[in-house]
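The following block contains the structure, expressed as structure tokens.
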Amino acid sequence: MNLQNSNPQPVDAAIVPRFGAIPTFMRLPYVTDPAAVDIALVGVPWDGGTTNRAGARHGPREIRNMSSFMRKVHHVSRIAPYELARVADLGDAPVNPIDLMDALKRIEGFYAKIHEAGAMPLSAGGDHLITLPIFRGIAKDRPVGMIHFDAHSDTNDRYFGDNKYTHGTPFRRAVEEGLLDPKRTVQIGIRGSIYSADDMAFAEGSGMRVIYMEEFAKVGIEKVIAEARRVAGDGPTYISFDVDGIDPAFTPGTGTPEIGGMTTLEAQTVLRGLQGLNLIGGDVVEVSPPFDPSGNTALVGATLMFEILCLLADSLSRRRGR
Amino acid sequence: MNLQNSNPQPVDAAIVPRFGAIPTFMRLPYVTDPAAVDIALVGVPWDGGTTNRAGARHGPREIRNMSSFMRKVHHVSRIAPYELARVADLGDAPVNPIDLMDALKRIEGFYAKIHEAGAMPLSAGGDHLITLPIFRGIAKDRPVGMIHFDAHSDTNDRYFGDNKYTHGTPFRRAVEEGLLDPKRTVQIGIRGSIYSADDMAFAEGSGMRVIYMEEFAKVGIEKVIAEARRVAGDGPTYISFDVDGIDPAFTPGTGTPEIGGMTTLEAQTVLRGLQGLNLIGGDVVEVSPPFDPSGNTALVGATLMFEILCLLADSLSRRRGR
Amino acid sequence: MNLQNSNPQPVDAAIVPRFGAIPTFMRLPYVTDPAAVDIALVGVPWDGGTTNRAGARHGPREIRNMSSFMRKVHHVSRIAPYELARVADLGDAPVNPIDLMDALKRIEGFYAKIHEAGAMPLSAGGDHLITLPIFRGIAKDRPVGMIHFDAHSDTNDRYFGDNKYTHGTPFRRAVEEGLLDPKRTVQIGIRGSIYSADDMAFAEGSGMRVIYMEEFAKVGIEKVIAEARRVAGDGPTYISFDVDGIDPAFTPGTGTPEIGGMTTLEAQTVLRGLQGLNLIGGDVVEVSPPFDPSGNTALVGATLMFEILCLLADSLSRRRGR
Amino acid sequence: MNLQNSNPQPVDAAIVPRFGAIPTFMRLPYVTDPAAVDIALVGVPWDGGTTNRAGARHGPREIRNMSSFMRKVHHVSRIAPYELARVADLGDAPVNPIDLMDALKRIEGFYAKIHEAGAMPLSAGGDHLITLPIFRGIAKDRPVGMIHFDAHSDTNDRYFGDNKYTHGTPFRRAVEEGLLDPKRTVQIGIRGSIYSADDMAFAEGSGMRVIYMEEFAKVGIEKVIAEARRVAGDGPTYISFDVDGIDPAFTPGTGTPEIGGMTTLEAQTVLRGLQGLNLIGGDVVEVSPPFDPSGNTALVGATLMFEILCLLADSLSRRRGR
Amino acid sequence: MNLQNSNPQPVDAAIVPRFGAIPTFMRLPYVTDPAAVDIALVGVPWDGGTTNRAGARHGPREIRNMSSFMRKVHHVSRIAPYELARVADLGDAPVNPIDLMDALKRIEGFYAKIHEAGAMPLSAGGDHLITLPIFRGIAKDRPVGMIHFDAHSDTNDRYFGDNKYTHGTPFRRAVEEGLLDPKRTVQIGIRGSIYSADDMAFAEGSGMRVIYMEEFAKVGIEKVIAEARRVAGDGPTYISFDVDGIDPAFTPGTGTPEIGGMTTLEAQTVLRGLQGLNLIGGDVVEVSPPFDPSGNTALVGATLMFEILCLLADSLSRRRGR
Amino acid sequence: MNLQNSNPQPVDAAIVPRFGAIPTFMRLPYVTDPAAVDIALVGVPWDGGTTNRAGARHGPREIRNMSSFMRKVHHVSRIAPYELARVADLGDAPVNPIDLMDALKRIEGFYAKIHEAGAMPLSAGGDHLITLPIFRGIAKDRPVGMIHFDAHSDTNDRYFGDNKYTHGTPFRRAVEEGLLDPKRTVQIGIRGSIYSADDMAFAEGSGMRVIYMEEFAKVGIEKVIAEARRVAGDGPTYISFDVDGIDPAFTPGTGTPEIGGMTTLEAQTVLRGLQGLNLIGGDVVEVSPPFDPSGNTALVGATLMFEILCLLADSLSRRRGR
């Protein structure tokens, strides 16, 4: 038990076993006031932007459930996030399961409050469209850079006629709305058959750096890390992790799996290589429990959240001059 | 093999085994012209009205898959639907997974064409909101009666503020729009905890006959059948079967399961008791394959479709003076 | 939303969808002070008394998860528990996954505090041995009667030599310790092959009324209810529901399934017939999520908790002269 | 522990827990000499006669696995089979997974040896075609009667041109070969759509008594038992139980499920009503573990084997005038 | 939508969502005339050659189902198969689930017609024995070379006495029958315990190049590609992909899994390295849905089919001088 | 078939298919006398030391089941274990599911007898605490070295107050008891978040060589092998393999999964690199079938047992001067 500071601490597994207690993110306290935290763990139980297999609405619950496996200190970086920052479970953002536009507004409002309170959000989706209202809530004042893990670029334009908002469009919208700086955006793990030869025209045309899975495998992790750091630079940067960026052997429970992806260890190694960037938030999305019979995808989601949490806490600590 | 008439026939299981061939409903031919059939088997792969667990969008595929188990003659009534009527798989109604109002319009249009061509639809959902656009397509000229199997009345009013269209509201909307005659509507199998004591006020106030599961268990199947026949009378009547009307031991793969329901044999017995009603269509909804690890729910859905198909073919044959 | 009184209320499903929010029992607030409630919902994540398939330690989490399906009013009895009583989630009793005797002590202590605070416990197990420390916590002052649903009598003596405490022995121990009045105890649903012809000697010899499943099927529910009421009389009575009392088609997720059991509807009907007894607590045990691929067993567990909660709230209300 | 006689006894669950030890049928010793037993428990891991979903080849292993749940005495009849008879696991009959005709010969040979040794076989399939070579092995000297639980009559003639041997034809072949007396045969639970109106012509024409599921539900169990006893009379009688005779909510893990079947309790009650018949063997077939995610079907299979074992031991004991 | 040519095109996912419509391979039209296509996608729902776990008979349906995830252009090679060739779903080859020799004949006949019509087949199995009748249908005029991905050599001789045809023997038979040129055959990914030290004698003795998984891991993908190209040369070459060539973490749903295999990305990379070979057909076999709870194996199967389809279309286009 | 010596041989898969027969380890005979074997295959169905998700008690049965996939000769090393040594299934060690201390004693006793008889044990767990009583049984005369594959060091001290024995503590206890020589111990694959920065203090302080997963990935397999050989030296060495050492994509069925682990091929390659060490036993632990829907984890467990068996047989043969 950490007695050195008064930061919120996870339930102690030597007192309450991991399978016990009401499951909050990382077994942290549930608090409702964003001003009470430095890093807000938030669920966004919504998949209204999903064009294929739904189910990511159940992601936050199962990620919370599996996050009980997480302990307190990162075994490689030795970052101890709960010593560096006040971290808690802020509960779920409000959503609307049957009205997409209303849902976007509700989510935005919730994140705007977190942002105003001075906290950084780390979210569990939900489908990838949630990152758009999150950006609207936290990036209105200046565009942010992004390290984006995904099998898909998510920069499509329209769908089913004239629908602008799906989980395949958030980052085109974010660029258009001035929330995301494409020149400070790197997409890692992109792969899978495409609709037409110009599917990637917007991403590449706008200046995003796209590291296809094939380049990833060829150049190796160290160069991927270096390139990601180069692109992001020292401006404010967000980490968005779609679990389909990882191979579906590791994360079968997702809506749009694409085979031939990276391993979890590769993903973790890249994440660890981002330490020191100027991070301002992150998310893990597209965990879809109904397609996850072994529960492994939710465990991956929870562990990636812990990895990103360590990065955020460290970045905050650096900004504060530790 | 039926050589007596030229009606479409299922693929012969003694030539192509049941697990073979591209799965259409009942292994019937896929046809695109509704004028070529008397009874149109239609999928509606859409669950945009779902307020809790989604997945019914995958219902039509799995029901088609499991419908390969169906043979050609009903073993109790001896109805041979493919001798009495031209039946085929009309494919799926067009939908829109991310725009509820657009989806309702697309579905309505598809059914309007079937109706204009003089065919009766028998549909596989999808969530229960699909019955509303089906009614808009086929019941505009006069309200229809309904035999409604369900754990829930689906006559709620609003949801999440002012949203009028969810899978909990179709039959209030249908009554309001003059598509459904509440006095010729019977709801069978209703049960489960309720939001407030007046949850059933609209259903009962509008004149629907609600047979709660408890009454069902108490009075017995014969009286339920008699009551259903009395309520429906001889006007045009639609059968809508939400698989959560059945106990989740039999149909776990559904979005809003309620324990304490009827068995499949009870449901089949009631359906068989409806022979001779003036039937004009039907549907089986809320089969949600992601929650159906054994596939049994889809098998129940396919079998209920066959039960209703026999009733529709028989009713058609009677109207034609056989 | 109930505004008539200040009792704790479940999260409103028209504001936060059922799959959202951190899952507490019935979506009620989590409170830590037993004096703040009339009925304490408690998890006991422990299966250290299990002699065959473990996993009931995960029961409380999945029952909490599935309890989000519950609404606010009982559709048959019209009991509205949150209007009649202050009900909340008290979290989990402390346990010890590797030390049986220590676990029994920890659990007893937790319940003793609830009892001293004047609250009634309604618990989610855990294996059936947990009922023994619950009794030690709440029945020390006088033996209680019990309505016991189960496939097994749980009145064995020793196991593996001289071990006195397993999930097969709690009620022999409870009688020996003067916590349980065998003459006011009825066991319902008992069945399954036995070790020897005198397996039931203690139960029957001590005066318990054993209603085997075969008698249940033969005499019918009404007589079972009458007999249960007769045995319990008007003394303080506890309801203990082992989900293996129900047939494993309905509740596969349990450690010691026995085929040939009652349906959920039968179980619910018996429970509803107990309204008016002098009830002082209850539990639902042996839900084992690792053996429950569809999640249906946890849903049954949650619904049975709601059924018993309504009975407890009603009984409390009667005792208070409503 | 039974010390009264030297019959083989199951492993004691108070010494080796049920999940331990190498799984034999009922935890009995594995013996290779049929002369050492009165009742031979045999697996037939073969599904080469299956025309739809295979997998029953894995039935014996999972039934053995689940049979560890069985104890030693029947709780209703109080029959203690291991006191009345020498019972053991004889292992698996030899099969051939890729040559149907060779498999039939191998199986027949194995059972002929059991028969010659004077033992009665109780078998776990395997698909239903295995009953034909079993009959060839044990019924050559005189036709036997049969109590047959099934959704299907299994009296088809040919398949895929001129193939005479599938799991849909064994009992037509058995009648043709003089192994089965159709007039002493009763089929219970028959249901499901049929290929043509005369599907049942052979069964009914040859004199078998067919109790459709609908008659079963209508007349009740007592009359079904009486009718079965009347048909079987006092001649040598075999019990063949296809688990698809039971509703797939209870036994999803089978190749050709048909909804609307009996419950396990109903099946058990009928079986118990057969006590006193002149029984000479039995089988439980069509348990298909790959379609049985919860394992419940294998548990049903193991329990039905125990039910039949008790009947066989009792019948033997009566014949011996014990 | 491709309007440049009149080739068959997949259903447009922006009009019919991926989970909608009757599932054909790649959502292409179902056509019955092989002369209407350049590349025929064919299912072979048969596993009669399987010596261990069956279920590959269900492969074609689930691969069709999962092939809805495929889009239209290869993201690495930029091959757009539907622009280069006429591709369609030819349905399933006729089989016989209970007569091995008859099944081989039926399958051969179907492929002979495709071959005579001048089309190349790309097939979804079924077990690996199907490649033998495919070769008989398309390779009678001259032996073909083969790139063979597999954990097993499938060059055994006899089984269960004198049975020559199982899924472990096709390539010895094919060599013996002059259909396969062993000197132009490379086997990639071979691994797993063996029956005796000379298990590989035929493969190696006949001149096949066997790249064990250990060599694969050691020398790296580039050298494996170079070696495969060298062996195949510029003669007509077939690609046969048994999904157990890949590690069962990626493809658990198969009959004879062997741990320690390649990743999907490695397999895809090798396949992509085969561009430019003189390809004349291919297959993906041993996908067994009953052992594939997450559906991932069928997704791998569908994606491998798309990878091979691109190679076939490209090869065709090259032969035609584009 | 090996006719060269009289050693026990596996059931021949060309006579009894792999899915047939009662499943013993590797399909070897079940023998009860340890003096009759050189290598004793033993199950330890016990998970009483598990602090999180139980289920490893079911490991031995499923590993036995899956071990039927194993053949007779190692395809890389060409070791033929059944020619080199007498190997058989000794059944399960006695346990006690509800009394930890008693279980430890029972297990120790069983292994002491094996050791006294001069046989080497190769065990299937069970949770990792079982290695402690195994060591007590076989290492009392001198401390052994250990090659330890695991995500966790299992060198914790106390748990839940003062409990010294859990599956997280065996190797601290073994060092304290003089059974394990920490300086001859190497831990491979360690990873995952930790409780505090000094979690590894005992392991590293006592002299164990800890190869974290990150070092493993960085330096490569060859150097890991060399280091493991260096640490073990030529003293008596035991191999303990916790399947959570492997990534949960490959081994989801385990109690404490940690993402980012090694592949099975990497694990196998390291094991093969250990040939020639002075090996005296081994185990494979923490296979938990209830969390293993595809069965792949048990297959990995069985294959790892075969890998270790080959090493043990080879080591024995070398000691005997072959």
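As written, the chains take the letters A, B, C, D, E and F, and residue 1 is the first residue of each chain.
Heads up, the rule we're going with is that contacts are C-beta pairs under 8 Å (C-beta built on N, C-alpha and C of every residue); 3 or more make two chains touch, one makes a residue touch a chain.
Because the structure is a prediction, the values reported are computed rather than measured.
Counting only chains that touch, the fewest steps needed to get from chain B to chain E is 1.
In summary, the chains found to touch both chain C and chain D are B, F. Centroid to centroid, with C-alpha atoms defining each point, chain D and chain F lie 40 Å apart.
One inter-chain figure worth recording: chain A and chain E are separated by 38 Å, centre to centre, where each centre is the mean of the chain's CA atoms.
With centres set at the average Cα position, the gap from chain A to chain D is 55 Å. Shared interface positions of chain C, i.e. residues touching 2 or more other chains, are given as 15, 17, 19, 51-53, 57-58, 97, 159-160, 247, 249, 291, 293-294. Working note: touching chain pairs come out as A-B, A-C, A-E, A-F, B-C, B-D, B-E, C-D, C-F, D-E, D-F, E-F.
Only residues 47-55, 57-58, 96-100, 102, 159-161, 163, 165-166, 290-291, 293 of chain A touch chain B when the two sit together in their complex.
Against chain B, the residues of chain C that register as touching in their complex are 13-15, 17-19, 69-76, 78, 80, 247, 249-250, 263-265, 268-269, 293-296, 299-300, 303, 306. Chain contact summary for the complex, chain A toward chain E: residues 51-53, 159-160, 190-197, 199, 212-214, 217, 247-249, 252-253, 256-261, 291-294. Residue ranges of chain A in contact with chain C, taken from their complex: 15-17, 19-24, 30, 43, 45, 57-58, 60-61, 64-65, 89, 91-92, 94-95, 97, 293.
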